[in-house]
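These notes are about the structure you will find just below.
Chains here go by letter, A, B and C, matching the order in which they are written, and residues are numbered from 1 within each.
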Amino acid sequence: MSDLKISNLHKHYGGFHAVKGIDLDVPSGEFTVLVGPSGCGKSTLLRCIAGLEETSQGTIEIGGRDVTYARPRDRDIAMVFQNYALYPYLSVKENIAFGLRARKFAEAEIEKRVSRAAEMLAIGHLLQRFPRELSGGQRQRVAIGRAIVRDAILYLFDEPLSNLDAQLRDDMRVEIKRLHNELGRTMIYVTHDQIEAMTLADRIVLLRDGLIEQQGAPLDLFERPKTRFVAGFLGSPKMNFVDATATRTGVKLADGTTLDLPGQKGLKAGAAVVLGLRPQFITVAGKTVAKGHARVPAVIELLQPTGSRVQATLPLGGASIVAELAAHDVSKPGEKIHIDLDLTRAVVMDPQSGQVI
Amino acid sequence: MSGLPLHRRAGFRLSFRYLLAALLVIVFCFPVYWLFIISFKTPDEIFAFPPVWYPASLQFGNYWVLFKDGDAGTVWNSLVLASVSTFFAMILGTVAAYSLVRFKTGGENLAVWIISQRMMPPVAIVFPLFLLYVYFGWVDTYFGLIILYTAFSLPYVIWMMRGYIEDIPLELEESALIDGCSRWEVLWKVVLPMARSGLFATAVFTFIFAWNDFLFALVLTRTEVTTYTVQVTHYFGGQSNFWAKIAAMSVLGTIPVFITVAIMQRYLVRGISMGAVKG
Amino acid sequence: MTATVHPDRNFKYWLVAPAIFLLLLIGLFPLIYSLIVSFMRIDMMDTDTSFAWFYNYKTLFKDSRLWWSLAHTLLITAVALPIELLLGLAMAYLFLEKMPGRQVFISLLVLPTIISPIVAGATWRLLFDNRYGPINQILGWFAGEPVNALWTINPTLVYPAIIFCEVWQWTPFMFLILLAALSNVDKSQTEAAEIDGARFIRTFRYIVLPAIWPVMAIAILIRGLDLFRIFDIVWALTQGGPGTKTETISIYAYVQGFKQFETSYTAAIAFLVVFILTVVCVWAIRRMGLVK
């Protein structure tokens, strides 16, 4: 059963077409992440689902019920906002209880639910405080608490962690993942942080200019992007793109290097293509060349250590590429090494349409 | 400049400021003092020459007369009119301001039209209003003056509350909508508490405007709802003013405002500066 | 039964409807009524509702009492407003820096503003009394001989009296607003200018004034409008007398309407007032840069 079903949704802001016909089906219990560059319409889509924006065209069903024209409060949803949206004049406890009171829950039930939510989020000791007396992370917990005390069908999150510092963000990410596992509710989460998207999502929906570019499991999108946009958007450091010419069995780079791409059929020999190689799928040459890998020589131009890994910038086929290598495998710029490219995971794209071939 | 050490000069400066401040306080407060003191004087002291600067003892006789004749009831009339009209103006004005801010109802034009009503000189409308009120039988009724004061305060309330409401984060309201509030409940449970200090500051000024009104009350009241401002002028008479009554009535009519202002002081300063900044 | 329109569409109109209704009733209706009546010839003797067209407006131009009342109003405005502004500014500077007891001083200084104008007028009537009032008494100390100035009767003294009272009541208002505005001026900028050796006047002209101008302009506008329709203080002090010496435009309109019952003519005056105010406001708002 699906908890959310969107058909052909459009949204116009005056003359501006922000959402251009989206179809989406979210099964019960799934954690769906909406990602995309700034301004692509993620928030707009989420706000349409919440009923905070009027839709221009299309339908929205939540829990099997058509709610296209329903008020936000009649949609059976809960939402966590980017800036916490806590009421400064209410205590933490009353903030969490706000939705229950608005829905006329019995006092005993409110008491029970608030303390359970507080316990889950480890904010039991803060209940009597006011929002101004809390840290950013604590505020965000309260905001999440306010959503989870309710039995909503759908839980919406609009960039809930973007106001937190990096460390706290990692912690809260784990927390949200745990909550999802414990509660088993359907959640829709907007972010433009692709690490959040990759780690949290059961399914990623990648938006671009008001349309869905691709959706699927995180690894699916990561390894089998359908377009150059998807390939470039997901993954950090970004995928390397190298201009090349197609041959019968692979590609030929600008400097004449030919690479055989296993499993690539349908390449039109002589056509201009773009080869996409993830930095993670490049390694320093070992004893043997693994099947489907190609070994090429390279001179390190630049090194950016990130801890156990190091990002090395190298020339390849007339372009500069980035490889993510083990830190102890390389020492300094100028070093001459050999690298192995995992061509089984390389993608080839049409330079004009951006479609993966 | 001078050979004085720096701290001595700072000391002179401060003393000078205190001197000026004291002088100003005397000049600005003396008339209030005089009014106050006359109200406690006996007729002999009032009409003494040279004037008596402070009475030998505080006489409450002047006030006693006002209460005995029922004149003091006009303060009650003012109180009813000012508070009830403030109450309604605050509700209608806040709600309208909310609509103007959140939904841009009527666009800039409506907002400008409303503020332009604030510039309307009372004397330009008081005469036709008088005829209208005669026609409806609203002259000398609470109802008539209350709707008049309410309407007259509305532009100010709307203008002020617009500024305060603009400062409320939209997310708070949206969150409440999702959590189960109707639009009205959002107003009641989110917007009003968030705009609390603005509401108080605006309410005090609205109250004072209505309280101070003289022209409308002069024209539209007779005997039933005479306000204290009109009552004060009843004691004016060519050469022989009823000095004691003027003073006592004025003090009676000033006390409620003093109390209000004293209680609300911390909201007022913000209200004045905010209102001025936001225009 | 699924709905097919978005709910709460009319909510925003419900919110403004009562306010607009009241404003139309109290604000717009009388104005339109005035406009129509001003073209008729209704007065106390005669409820002739035939149209006289511009008759009343033509009379306006020949009515010297009207133009004098306008002149009186402008005189009071032109003298009182600059005094209030400058005095208020000076006072704001005096209390700008912290000093012990500052809040008490400010609270005391604001007293005149919260008093009803009619009471302010009445108070000064008591103060100005030629025999039993303290003003003449105090002046006598300085003069060294008894002073018997007839403040509210002597034609050369009534204007100082009115302006005194007006300034006394409203300077604190200016003071409060300007104090708030001055406190918001970025300290680091003025200090930087002082370190550069800029004189006070220059600092004020090029740094402080631009910063406080938006607030100051509104304060001037508000006070200017209030002064233009001044009624209460003058009424309490002189009722427009002696004779019609201190009749302001508001008092004149009131007298025409409620003492002479010149319905149509009063309506025409009302329109003249609205017209002048509108022109002045629009000009001032443009001129002061209050709108982009």
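The rule is short, and it goes like this: a residue touches a chain if its C-beta (ideal position, glycine included) is under 8 Å from a C-beta of that chain, and two chains touch if they have at least 3 such contacts.
These numbers come from a predicted model, not from an experiment.
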Exercise for the section: Sort the chain contact graph into one of these: line, ring, star, complete or other. Expected result: complete
Handout entry: By count of C-beta pairs in contact, the leading pair of chains
Key = B-C
Problem - Remotest chain, subunit C as reference, centres from CA atoms - result: A
Handout entry: Chain nearest the global centroid, as defined over all protein CA atoms shown
Key = B
Completion exercise
Rounded to the nearest Å, the gap between Cα centres of subunit A and subunit B is 57
Exercise for the section: Round to the nearest whole Å and give the separation of the Cα centres of subunit B and subunit C. Expected result: 15
Problem - Centre-of-Cα separation between subunit C and subunit A, whole angstrom - result: 61
Fill in the blank from the handout: Residue numbers in subunit A touching two or more further chains are 71
Fill in the blank from the handout: Multi-partner residues in subunit C (2 or more other chains touched) are 8
Problem - Complex contact set, residues of subunit A against subunit B - result: 50-52, 71-73, 75, 77-79, 81-85, 87-89, 98-99, 102-103, 146, 150
Handout entry: subunit C to subunit A touching residues, read off their complex
Key = 2-8
Fill in the blank from the handout: So, in the complex, the side of subunit B touching subunit A is made of residues 169, 171-172, 174-182, 185, 189-190, 193-194, 196
Problem - Residue ranges of subunit B touching subunit C (in the complex, touch as defined) - result: 14, 17-18, 20-21, 24-25, 27-32, 34-35, 38, 46-51, 53, 92-93, 95-96, 98-100, 102-103, 105-106, 110, 114, 116-117, 119-132, 147-148, 150-152, 154-155, 158, 183, 208, 211-212, 214-215, 219, 229, 232-233, 236, 241, 243, 246-247, 250, 253-254, 257-258, 261, 265, 269, 272-273, 276-277, 279
Completion exercise
Touching subunit B in the complex, subunit C uses residues 8, 11-13, 15-16, 18-20, 22-23, 25-27, 29-31, 33-34, 37, 91, 94-95, 97, 99, 105, 107-112, 114-120, 122-127, 131-134, 137, 168, 171-172, 176-177, 180-181, 183-184, 214-215, 218-219, 225, 228-229, 231-232, 235-236, 239, 249-250, 253-254, 257-258, 263, 266-267, 270-271, 273-274, 277-278, 281, 290
